[in-house]
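In the two complexes that follow, chain A is the common piece, with chain B as its partner first and chain C second.
Presenting the complex of A and B:
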């Protein structure tokens, strides 16, 4: 680039000046780093230091700068120069704070600082200032799929924030499950009595809101596009198709109650007096309409005893039923027991549970039911047997440790769980799909290369990180809310829907500006592909965790930048390295690897490359430095966006240039993943599984490349990992490839 | 009585016995609030020596096991340390309920006959209500000779040094054997107790 003007700024503050030779670093930046301008300052993040950089940008037209001071995670406000390319060398956290302050350590500490300056100078010259995604969509309408409590709440909340909403509901009326309930679990003080559902009011609010357009009896026939420019075909029952343009989507498709006919041990279907919770709600509504107490369904007889069977077909270890707890059903049974107790305290109600779980303020509700005389018995129900007019419930009393029974029970209510309406499991191979008894119906019908619906995580629920990033899915701009995401009750669904509405708003706003969504929110860089070099291997289209890349008819990748989260997994996957970001590429990292000064084999100074995930491992290293936990001076750390972005060329380059080992630090993957890009670290570990062959070809020990799962809290573990690995390298000896690179 | 019990046995996990406890046992209305966490059972210093922990007793009441509860010797094992009351997350007055159950079983004549604590309680009550004050010497001797003359003499002999020490320290007065210290208004005390008894009977629905 002709008009590139580089500058390096060396800070001497925070003890850097005392611990390392700043003048030498400046010399290296000038001579080796070839920086046009090199300045040193005693306190770079001070007003005068920052002004100095600003002046250089303005008067000297500096376009690329290196700041050798603290970690890139510190002083981000002071060192905020969006107009120039910036690389930060972490001399403070990465060198002086993580090395012992002893005369013996002085030499290696200086070497570390020098290398970090070399690396930053090499990196910055390969960087460009991101221009932003030119392919922006400006549609800010929000599509809500599902007209239950979650969907309607999301619609109302988005509308209240000033956004237009399109709501699609497959039934003829709004309300979903909540409309089928007689009452709901109390949601405010004193949490004592079942409360009105309020669903009619909510439905009326949706229908009267001018910003909300409702499609009833409708499903989604096709969803294409990207955040800010989704095109959705809404098919009505009559066959008519309406096209809607939206900017973001909230999937609130809810749940189906687990099929109680599969619970043969509880006799469902053998007597009308055995019902599931939905069945009891129906009885309660019907009875209330007539102004009568709930009667025995078989003969209309008086109900004197009701038994509630908790965890019916849930928390099942045998693999026949649901393995999980649905979380809402204990509170629901308490509520339903009170339908009877509040009407007539003489009715005996027994709740048979193994663990009573009452989330929210359910504990107060539980106490209220106890005070009203509902009997709670810790036990495991063995069978429900119809007798003449009534039922016998056999169970194991877990407190008294005996098999026992309740006879002459008039009504048994089975607390079955929630099964998410999450559509097609796109990860299931086609031959497995064929074998399914019930063919799932797609909810979104996404016209994406990777499948029609949201990817699932566990037990069929739409993937979203329960704790760290709720509502986020692996399809950018599409958010899951309510029981499709995880089992929940009405109160939680309302909270969920509000959260998802805010995420959808963020998505449309970011899309308009061409910026990334979570977790790199605000990032203006986007993947740029050099198609003339592409070999159509399809790795990027298959591996993209977010389904951002489709294929055209010639099987070239088509990047939908607005769907991209900028993790760089495609860049890591590409065998011909034609994918890059303006400020993060195979070159920016590769040049850093090559910039390090690798001592010869007689120096007894190994060089270990650490590629650390910037989300967890790199902050953990920073914090280790803040706590002055020391680690080997032979490591050179390069932060990466995600371990998924690590291209194997970096590893082979490093080993070829004489590095003695490579440590890859990423987030935990698998079922309880912590990867911010969901699949990045998993893909990296898969790719590294194949690197052993490469190592053998180079006649190197397989220990020379090691992958670690590191969490942000592993502050003490990370230095230990490094030291252990350094000891290992010492044990197996220095690389024989030194001097050939 | 036995017929009534059979009827109870049929009414498993119905509220009948629970209601009886609520009406007739001191603090019995708290039994339904137990959440079966088992903290009381784990906190009881006598835990391993009970047949049924408080947790189990409460569950048995809910399960309608009337006879088993009222004939259990567990309630008589309580030393009133109040550990369970302090720790109960539901703040049940467990010690009081346990004593209430013991009293109720005693009144119905269902409590275990030879239970030592029950025996002591009866001795103590008789002893202290007679004169309005406890006659310690008579109470002790009554306990020693519970199982007959020979066993009583053996127990007294085994503890002779303590007895002598107490005598020297004037903590034991041999003349109490003849006549102990009494409160000044014996008749008043007895009248008060009688009234209390009547009140309780009326409140709990006992027939006298």
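Presenting the complex of A and C:
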């Protein structure tokens, strides 16, 4: 890169020129900020203002620029200069709009603006334009683990987009659960009758596609690497191991039906006439093959009455069975009832349910079943008892509120739920793993420092925690699809697998260009570590929310840049501060903290540092400004990628330089966490829990550092928090460390 | 912006709600060029108008911020607002879309400083709050609007107010001569993501939405709970601004009803369960929510959320399709009449406010989509005809929650990319 040439551009528009002394800001940029070029403009985002900057970049070779105008969230198109390092000082939202327009406030408003210029100048000089990761993987093949509907769909859809696919299936044939079905729930108009599964056709499509390579009877023995350069060992039953190089992975390992033998109250295992939904499909397929109606398994007798028990072992509040609803089973029971009704309307079919759940056009299927004479009874089944040749189903009728029974039932079908095949729960401590009855078998066998499989969200499902971003797992380039992600039916699994295929394609395309995946999509920066300073403390490898960092045999961290999401949690964790990003580092923030002009102890002007999550707290502050909600002029706000990236040195430096308090604003953590880097805000809160010792060492009050959970909607609350905190600082007095920094 | 160059390797995304934004970004982040067309002045659609999501009770604007950052950072996505696709001609891999762009009367010079809004006197209904309040006729659609640019309401054009707005703007951002224009754009594939709209509650006559002030819809209730909403987040009933502490929620308002919407709208049970939290948040132990339902459809993982709400003693569930609503003429309280099917007894229950968990219908029913699609009986896009490259996404395809809309949009992005890659291979 050429020599650094710095420039600062001060905008006087939107009232900035009237409210603060722009000439003074320019002088500060020049004298204190040591900017090579300083220009001021009455309307910087106008065509002429933007052209001025562009000309400076081209003709004056400006490489680093400060724009002191509006918030970094505004006018992003106008101030889009990707070739240079850029720092934006929020003079509009962060100063003139958040400070009262009164003569008394003028002095402190000016000080705020001046400081923001100082901070931006300090920051930009420490920034580099990310040069991109030289160590990128270029493999664009996609590995699909699982050959059921989800896996096959993902494979076919990725291949249709022109990508090569490797599909690994543990069984001897493709098809998964769907291949065991006689029919599927209808998925198009008129939503009336069970439909063909289409699974043979899909399997044939997979097998005939030249872009798809299929490994049957195979499992994954090892997965190492990163997006764009995964190396995978595929182990076949015979013991042979094939090596595959792939760029991204789709885990479509499906589900297992909940074990019906645990449902002793429903008599499963005590009579062959009590089956689960898979058992009924088997009966239906066998009967269809013979061209006969479904018969009573115990003796081949005619089936005259069938009862379907919904939520068998599901939606369970006792803690013994599945707490969730599997979503597909109501429609499946309707479909299975129609197996009987369509063959012989004289067969009595009754579905016993608490809430019938047939969303969307499932409602038409439900109506169709009602029209065909399937009986739906709102009730809770208490027991299924084998009698002579038939069964008695006892249930609590929830409409009449009385216990009742259906006798002479020939067949009972238990609608048990889906249990995800998600492998090892890596968050379970080893001693808990030991206690498990059934030792889970890893699906991916990831050679990752943080464990062999995808982290699970809840109840074993490898789902994303994000409502807006359902595919975002915590392992970059590895996407879960189908019922391993959350309970779902075939129609949803097909849609889900198609989406997962897109994400896998995106992962390989991004990996090739060295770009970050969600949520900092496109970011070319990546963590750079000075290993010579590393003390092998392992905090970064343990704390990375995305399992991006491995360890070598000497316990040094090994960064897999393509697995990194650029949150900076490693940087925040590092006690010796050897981890940084080119455009975000201990220095870029640290120098801003030090650039602030801290008045002396007699000034009665405290300084409060606010480190605000750039995605939620910072926009909330911005919007507070837009609403002209005022807050204390003594705060200096620095947006951070995530509270997880906050290194405690920033806090101790701030306090040592005479700041009177530090506010950290991050996202909610805990069960319903909102941190978009999953663990960042939680880790920050944990680290700040330890800062009290530091404060004590400095002989400072513990109130001098405060952590807040802030949501993006806290537009009114954030100014209030600031004002309350400023009042608190006033109460405890200015820092005794002023003047010693 | 209107000169947006597009080719038959461009993906046209119609609709800038969460589905359209997702489809556009997911495709663009695979390296494809996208034109995103939105008829409103800002992106975000209906999710922007939600206060919280179920089941996490987190804020949709958090995800919007991430998505807007992605858009700002990605030059491959070009956004046209106030634009509607009126025609699509051509075939798979080679479409020409006709797009009508309404005048905004504010150009790219706008800095969103707000001087025009201060100058203008006329007030208009605020669409962001389902017209529950009024806003200045020069307005920013909402605080997170993208583009961050004001709009002049067409009703003031030609009036002194428009001139006042123009005079107040120091940056020549107001252009009162802007005219509607029509442009044509090439595209290889189209993603149709025009989303949903609430079913017209007035059509459910026995519920008196058009007659009783204190019968509102779930989307309106959402605005009441939102600090950015018309009441600043206070749950106050429309008739007299009284605190609405005793709230009735009627499920399947329009849905699962062959006289109205034959489908189940999927989201409404969870929406009402979520909204009982708003009442609780506002009024604590004084809060009282009653949910009148047929089946509570808290599907899959959401069951846990249902269980949590059920355990709240301040929330009551009544299995009943409410027969009719009456209004107490003096107090304006609403009185719900019906039969509780659990035990079969009649009730006449008085509440401060009644919220209709209103069903979802496609905002552009399939027959009004200017291209051939396979539709279901409710007008949602069911499938793409063989040989076509017009793909439905999100709530244009079904009544979906946000999570599933995003899933659907991501899948649609791949379907579009398959076509674009074929075109690219053919041209290579």
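The working rule: the second predicted complex is superposed on the first by the 734 of 741 C-alpha atoms of A that agree within 3 Å, B and C clash if a C-alpha of one lies under 4 Å from a C-alpha of the other, contacts with A are read in each partner's own complex, and residues count from 1 in each chain.
We take it that contacts are C-beta pairs under 8 Å (C-beta built on N, C-alpha and C of every residue); 3 or more make two chains touch, one makes a residue touch a chain.
The shown structure was predicted, so the numbers you read here are calculated from the model rather than taken from an experiment.
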Exercise for the section: Mind checking the superposed model to see whether chain B and chain C fit together on chain A or clash? Expected result: clash
Exercise for the section: Count the residues of chain A touched by chain B and by chain C, then name the partner with the higher count. Expected result: C
Practice task
Tell me which partner A:407 touches in the superposition: chain B (first), chain C (second), both or neither.
Solution key: first
Practice task
Have a look at where A:399 lands relative to chain B and chain C in the superposition and call it first, second, both or neither.
Solution key: both
Handout entry: Which superposed partner A:373 touches (first chain B, second chain C, both, neither)
Key = first
Exercise for the section: Determine, under the contact definition given at the top, whether A:15 touches first (chain B), second (chain C), both, or neither. Expected result: second
Exercise for the section: Examine A:558 and indicate which partner it touches, taking first as chain B and second as chain C; both and neither are also allowed. Expected result: neither
Problem - Touching partner for A:436 - first (chain B), second (chain C), both, neither - result: neither
Problem - Touching partner for A:241 - first (chain B), second (chain C), both, neither - result: neither
Exercise for the section: Considering only the touch criterion stated at the top, classify A:348 as touching first (chain B), second (chain C), both, or neither. Expected result: first
Practice task
Would you sort A:364 into first (chain B), second (chain C), both or neither based on which partner it touches?
Solution key: second
Exercise for the section: Among 39-47, 111-119, 165-173 or 183-191, indicate the stretch of chain B whose C-alpha atoms run into chain C. Expected result: 39-47
Handout entry: Doubly contacted chain A residues - partners chain C and chain B
Key = 356, 378, 399
Problem - Partner chain A, residues of chain C touching it in the complex - result: 18, 22, 25-26, 29-31, 47, 51, 53, 56-67, 69-70, 72-75, 108-109, 111-113, 143-144, 148, 170-171, 226-228, 256, 262-264, 266, 295-304, 307, 319, 341-344, 374, 376-378, 382-383, 398-399, 402-404, 406-411, 413-415, 417-418, 421-422, 425
Exercise for the section: Note which residues of chain B are touching chain A in the complex, please. Expected result: 10, 12-15, 18, 32-33, 35-36, 55-56, 59-60, 62-63, 65, 90
Exercise for the section: Under the touch definition given earlier, write down the residues of chain A that touch chain C in their complex. Expected result: 13-15, 43, 45-46, 70, 73-77, 80, 157-158, 160-162, 188-190, 315, 317, 323-327, 355-364, 378, 398-399, 401, 458-459, 461, 463, 465-471, 486-488, 492, 495-496, 498-499, 501-503, 505-506, 509-510, 518-519, 521-522, 615-616, 619, 623, 626-627, 667-668, 672, 674, 676, 711-713, 715-716
Completion exercise
The answer for chain A against chain B in the complex is residues 305, 348, 350, 356, 366-367, 370-371, 373, 375-378, 397, 399-400, 404-407
